[in-house]
Structures are given as C-alpha cells and as structure tokens.
Amino acid sequence: MNRPRPVEYGDASAEVRAVFDDIRAERKVADVSNFWKYLAGDPALLKRTWETQKAVLAPGALDHLVKEMIYLAVSVTNGCSYGIACHTALARKAGMTDAVFGELMSVIGMANQTNRFADGFRLPIDDVFNE
Amino acid sequence: MNRPRPVEYGDASAEVRAVFDDIRAERKVADVSNFWKYLAGDPALLKRTWETQKAVLAPGALDHLVKEMIYLAVSVTNGCSYGIACHTALARKAGMTDAVFGELMSVIGMANQTNRFADGFRLPIDDVFNE
Amino acid sequence: MNRPRPVEYGDASAEVRAVFDDIRAERKVADVSNFWKYLAGDPALLKRTWETQKAVLAPGALDHLVKEMIYLAVSVTNGCSYGIACHTALARKAGMTDAVFGELMSVIGMANQTNRFADGFRLPIDDVFNE
Amino acid sequence: MNRPRPVEYGDASAEVRAVFDDIRAERKVADVSNFWKYLAGDPALLKRTWETQKAVLAPGALDHLVKEMIYLAVSVTNGCSYGIACHTALARKAGMTDAVFGELMSVIGMANQTNRFADGFRLPIDDVFNE
Amino acid sequence: MNRPRPVEYGDASAEVRAVFDDIRAERKVADVSNFWKYLAGDPALLKRTWETQKAVLAPGALDHLVKEMIYLAVSVTNGCSYGIACHTALARKAGMTDAVFGELMSVIGMANQTNRFADGFRLPIDDVFNE
Amino acid sequence: MNRPRPVEYGDASAEVRAVFDDIRAERKVADVSNFWKYLAGDPALLKRTWETQKAVLAPGALDHLVKEMIYLAVSVTNGCSYGIACHTALARKAGMTDAVFGELMSVIGMANQTNRFADGFRLPIDDVFNE
C-alpha cells in the first residue's frame, strides 16, 4: 500500500474518535474533512495538529476571517491545492465576499512579485526597518 | 559592475523623480526606501510597480493593516528578508501590536505545516470545497 | 505538440535503450517509470540524470531507506506530486512502515513551521552554530 | 520597535521561565538558543512550539540523527539560513560525519533537481505509485 | 460558491469585454484563455494584469522566445501546473524546438540543484560578485 | 566544527586539484569560486557537479547568455542569495546590459505574480495547452 488511506469514523479507535468528535462539535459539521481522516493514520499527529489548530484559530487579537485569509495567502504562495480549496471555503464561510477575494489575490500576487524584485536587486535593508 | 546600485533623488531623471515625488506624497515620507531606489535603474519597471502597488494598497474592501499582514505572510513564506523587514515596519505603522504579531506568526507557521501534511498525505479535495 | 510525450522502449534509440536496460537491471523492474520515459526526449539529459542518481543512491554512509526519506522530505517541501508519489513507493519498498511514515511527516511539518518562525522573527544565528 | 527582540531568562515571566527550564533540562544546555528567546515574545506560541518539538523529536520509530537530517533537508529546500545553521549543528552533535553530510547534500540537491524535471515534463503518476 | 468561476465573453461587462477584445487583437486568438476569464471576476485586477503583461512581453531588449522561456523557468521552479502548461505552449508557438526544451529543462534542474548546495554549504559570496 | 569549510588549492588532494584545474582552464579564471571550494569537501560530489555543469552550460541550442539568465531566474525565484550574486556576475560577463537586466527582472516578477493567481483562482488548464 503506497498511497495513504483515510480513517473513517466507523473504523476509528477510541483515541481517534475523541478527536473527530471534538472537531465536529467545535466546527459544527456532521463529518470531518479529509485532512483529519488522513492524519488519523498517526493518532498522535492527529491529536497534536488539532490541538494546535484549535488554539491558533481561537478568537483572539485577530478575527477569524483575517486568520482564514492569512491561511489562504500562505497556501497560495506554497501552491498547495488542498490548502487553497479548504481555506477558500472556510474564508467564504467566515464572510469573504467576491470583492474581498479579489483584493486578497491582488495583494498576494503583488507581494510574490515584489519579493522577487527585492531578492533580484539584492536590496540592503533600510536602517529604519531594523530599529 | 555586477551588483545593482540605487538611484538617489539628486541623480534621478525627471521621469524617476516624478515617481519618487508621488511616493513621498502618498506615503508621507521624506525619502523613498531602497526598494524604489533600486527599481529606478529601470524607470518603466519603477513606474509600473508603483502604480500597481498604489492601486492594490488603496482603501477598499480590506483595511490597510490586513493588507500589510497578508503582505508579511507571503514574505515570510517566501523567506524574503527585505520583504519581512519592510512589511513588519509598515504593519507596525498601521497598528500591528505585539499580540497581533504573535497570532499572525502562529497562523503562518501552522499553515506552512499543514500545507505539507496535505501534500505529503496526498489528500483528495473534499467535494464541498469544489462547489 | 505542446505537452511532452514519453518514449517507449520499442520506439527508443540504441542510446536510450542502453540507459533503460541499465535502470531495469539495477532496479530489478520490468519497465522503467514515467520519469525516465519522459526524460528520454533528451537522451543526454536522460543519461546524465540516471548516472547521477545511480551514484547518489548507491550504498554509502547513509542507508537506502534514509536516502528515500530525505528524497520524500524534499518532494513534500516542494509540493511536487510526482516526487511524493514515487518516493513514497520507493521508501515503502525500502522498508518504511506506517509508524515511520507518521514520524517522517511530523518532522517535515514541524520543520516547515519553524523555518517560517525563524524567518518571521528575523533570528540572528547563535555563535555556537557558526563555529 | 520594528524588529522582534529576544527575551532573556532574567527578564522572563514565570510562564516563559518554566519552558526555558524544561528546554535546558531536556537538551542539557546552559542557555536556550535564539529560536526560543524570540518566540518567547508570545508565551503561548513558545509553549505550543516546544511541546510539539519535544514530542516530535522524542525517541520513536526513527532515530534522532535521521530526524535531524530530515529537518536539515527541509531547511535547505526552504533556503532558511537559521534552520540550516541550527540543524547542521544538532545533526553534528547527533553524529553526522563529513561523509554523511556530503551524501545528505547530494540527495537533497538531486531531489530538488528531479522535482523540477517531474513538474517541467508534466509527468503522469505511474499506476503502481497510486496503489 | 467556494470555487472561483470564469466570466465568459457573453456575460461580461463592457469594461471586461474591452480587455478581452484587446487580448484577442494583440494575441491574434479567437478566445482568451482561462487565466483571463477567471481574473475577470475582479475587473480592476484583470485590467492591471493585462496592461502589465502587455508591457512586459512587448518587443524590447530581450526577444519573445527568451521571455517565454524565463516565464517557463519560473513556473517550473514554483511548481505551478497552469503556468507550466500555458508557457510551454506559448514558447512552442514562439519557436521552442525539442532540443531547446531539453536544454532549458537541463539548466532549470541544475540551477535548482546548485541553489540548494549554495544554501546547504552556507557559501560566503565571493568579493568579485559584490563589485 | 559545525560550519562547512572551503578547500583551498594548496590543501587539496590530487583528485580535487584535477577538477579545480579543469574549471580554471574552462572558465579562464585564476582561482575557482567559493562554490567549488566548499563542494570539494566531498570530492565525488564536486566532480559530478562540475561535469554536469560543464555539459549543461556547453554551447548548444541555447546561447550562453540565455542559459545564465535562466539560471538567474531560478535563483531569484528560490531566493538563493549566492546563486543570484554569482549568476548576475556571469550573465554580466556574457553580455547582460542594464536594459536586459531590467526586462529580465520584469518577466521574473510578473511570472511569480501570475503563478499565484493561477493557483489562487484554481484555473483549469485550457485544452489547447494539453495537445
């Protein structure tokens, strides 16, 4: 078996079910997404990742939509198709409109462009940025 | 001359000075940053890049601090040291507190981690994300 | 013809067949994988790449499974779906168990996360690391 | 203050000191590295990251040197200079010889090269890799 | 609606149609590619991107085939499947032969390999490169 | 010793000297660059890398300046500071003017931008690109 396989709820150990139950309660969804079903192949990895994600995405100084847009900006920059699909959907759910999506893509694109200019022109960092 | 050199205002052509003047007025700064001084080696590139940046960072559906944080998220993901230094400073100026910075880094780190899990486990995209 | 096409054994030149034969003998496989069939469009590139790979993956100071896991870690970090599929299979063949796969993904994910923290927090390198 | 600053032990809160003490005990070092001092600007991020790292690098199915080499392979592929410096030192400490380092770099370089061939030639994944 | 949707000519606003018409005239094609149809979801982004691309790909100091090959080299290095497919086709149209494609891939692969060696061996930059 | 060290000609083995001599003759330089001095820590890696580079950069279907610009485009996209410095110098030596450099950076920047749009908008590949 070369390709990893998902773990469905019915086949899961008690340890994995406990995590799935927590995700379903927290996210208010009937079933967990493939991300969690595949990570469940390693129950310790599943548990650690869910606990980190729950803490990081909890209400705090940044609101939820902003966090999802940052997640999406990283996923686009990494060219990660699953991350892009998943966090576009989660950002939509958190209120991302078409206008916001267009501006988000504009900033992501411009940042990727100017990052390359900065490296290609071998820019010394301005003193003020180092204060 | 292997290494690109900056163009200082005093040595700039009228075309370059016009762009520098617009940046200084728009950004309310006494002098432009190295980014613009180096791009000025190609006046057409300087002008295009400034016009794009002015349009993309103008007030719109997303507020200015959010745009700077997205810019920073991309720069960190690309490992671009100039972009990180510059957009940390610009985000600070736009109101990024220590607490916001910590949460921003937490989301960026987590997204880079889970992007790799998504690719490494070869996750099929859930139907709901494709709707 | 925009998309590159594979070269099958029956259609290959003597030069390409010699490389294919060496791969089949070395790897103990009936047919070479798509990687080699597509590179065969440039026989010199095919030959150079195979000779490098044979030398690099030969028994040495690192055992074969470790080399395959490193190959996989790079492929995941680059988000290269072919490399991920191919080197998961080769690592499985070399003895990678489910437990090893889970730990490997855990390290890859954590490293991608902490690399971004290192860049985002603009860490100076500790003196001891430069000795 | 644009640039993040390190938190030294003497200035740290009890929460941060507890993490620093655990790192010093676990790693048998007199002082923690810059990585931990900078993350301490966000105590929750510091604690989460240390707990994950402690769990992921603990003895398991993979030995410690292999984990450090995988960490290094990711850091090199991301071009993260701090990660490269840090994990070269940790791999050395865990027994990486000059011969192992040379082979490790050889595999990393080859993988980065062939990943690009796989994408550039638009390789379809072989059926056997999907089993 | 999670997944972005294309804007077809028949459903487009006057503003979007004007850009599509310009692309069709400039590129001498009956219909624009998916790239433009999707960007049209944000008319300002569509217009800016097309104007930049028209300026950047216009005849200048570099000939058109070289520009397309550079575009392809970037797309391969980013692992962007759409960019690879699109710019392979455009480079073919601009005269890229099989022999040129093979050499191009060889250089891209080698550069990706030696970039990692440069970072992994932590090379100091030679004085002559900084002149 | 954590940090790799260069091998100078006077301290090199006969095997390493033979490679250094070949580089000096081929490149018409008095001394080899740091790249080769550091790789010499693993003589087999040094030899393989030089032989590949000599073959790939030899006169062929692409001229030397184009190959150096492609090398530079990859190095900028990877954010590899050594590769950027080295291949800017080599491209200058091969005839890259200021105007060419500006156009090259413009194409690299635009490609990095549009690659992200392609991924972010989740573009399906046009049929014509798959022919």
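Chains: A, B, C, D, E and F, in written order; residue numbering restarts at 1 for each.
The definition used in the following text is that a residue touches a chain if its C-beta (ideal position, glycine included) is under 8 Å from a C-beta of that chain, and two chains touch if they have at least 3 such contacts.
It should be emphasised that the depicted structure is a prediction, and the values quoted were computed from it without experimental measurement.
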Chains touching subunit B and subunit E alike, please list them.
A, C, D, F
Partner chains shared by subunit A and subunit F (touch criterion as defined above):
B, C, D, E
Identity of the chain that, by mean CA position, is farthest from subunit B
C
How would the subunit B/subunit D interface be labelled, same or different, where same requires over half of its residue numbers to be shared?
different
Most widely separated chain from subunit F, with each centre as the mean of CA atoms:
A
How many Å are there between the centre of subunit A and the centre of subunit E, using C-alpha atoms for each centre?
27
If you average the CA atoms of subunit A and of subunit B, how many Å lie between those two points?
21
What parts of subunit F, by residue number, touch at least two of the other chains?
1-4, 41, 44, 48-49, 52, 77-81, 85, 88-89, 99, 102-103, 105-106, 108-110, 112-115, 117, 119, 121-122, 128-130
Chains as vertices, touching pairs as edges: which of line, ring, star, complete or other describes this one?
complete
In the complex, go through subunit B and note every residue touching subunit E.
1-3, 44, 48, 52, 55, 128-131
Within their complex, subunit A touches subunit E through residues 79, 85, 88-89, 92, 98-99, 101-103, 105-106, 109
Would you tell me which residues of subunit E are touching subunit D in their complex?
72, 76-77, 79, 81, 84-85, 88, 105, 108-110, 112-117, 119-122
Within the complex, subunit F is touched by subunit E residues 3-4, 33-35, 38-39, 41, 49, 52-53, 56-57, 60-62, 66-67, 69-71, 73-75, 77-78, 80-83, 85-89, 97, 99-100, 102-104, 106-108, 110-115, 117-119, 121-126, 128-130
Once bound in the complex, which stretches of subunit F touch subunit D?
1-4, 41-42, 44-45, 48-49, 78-80
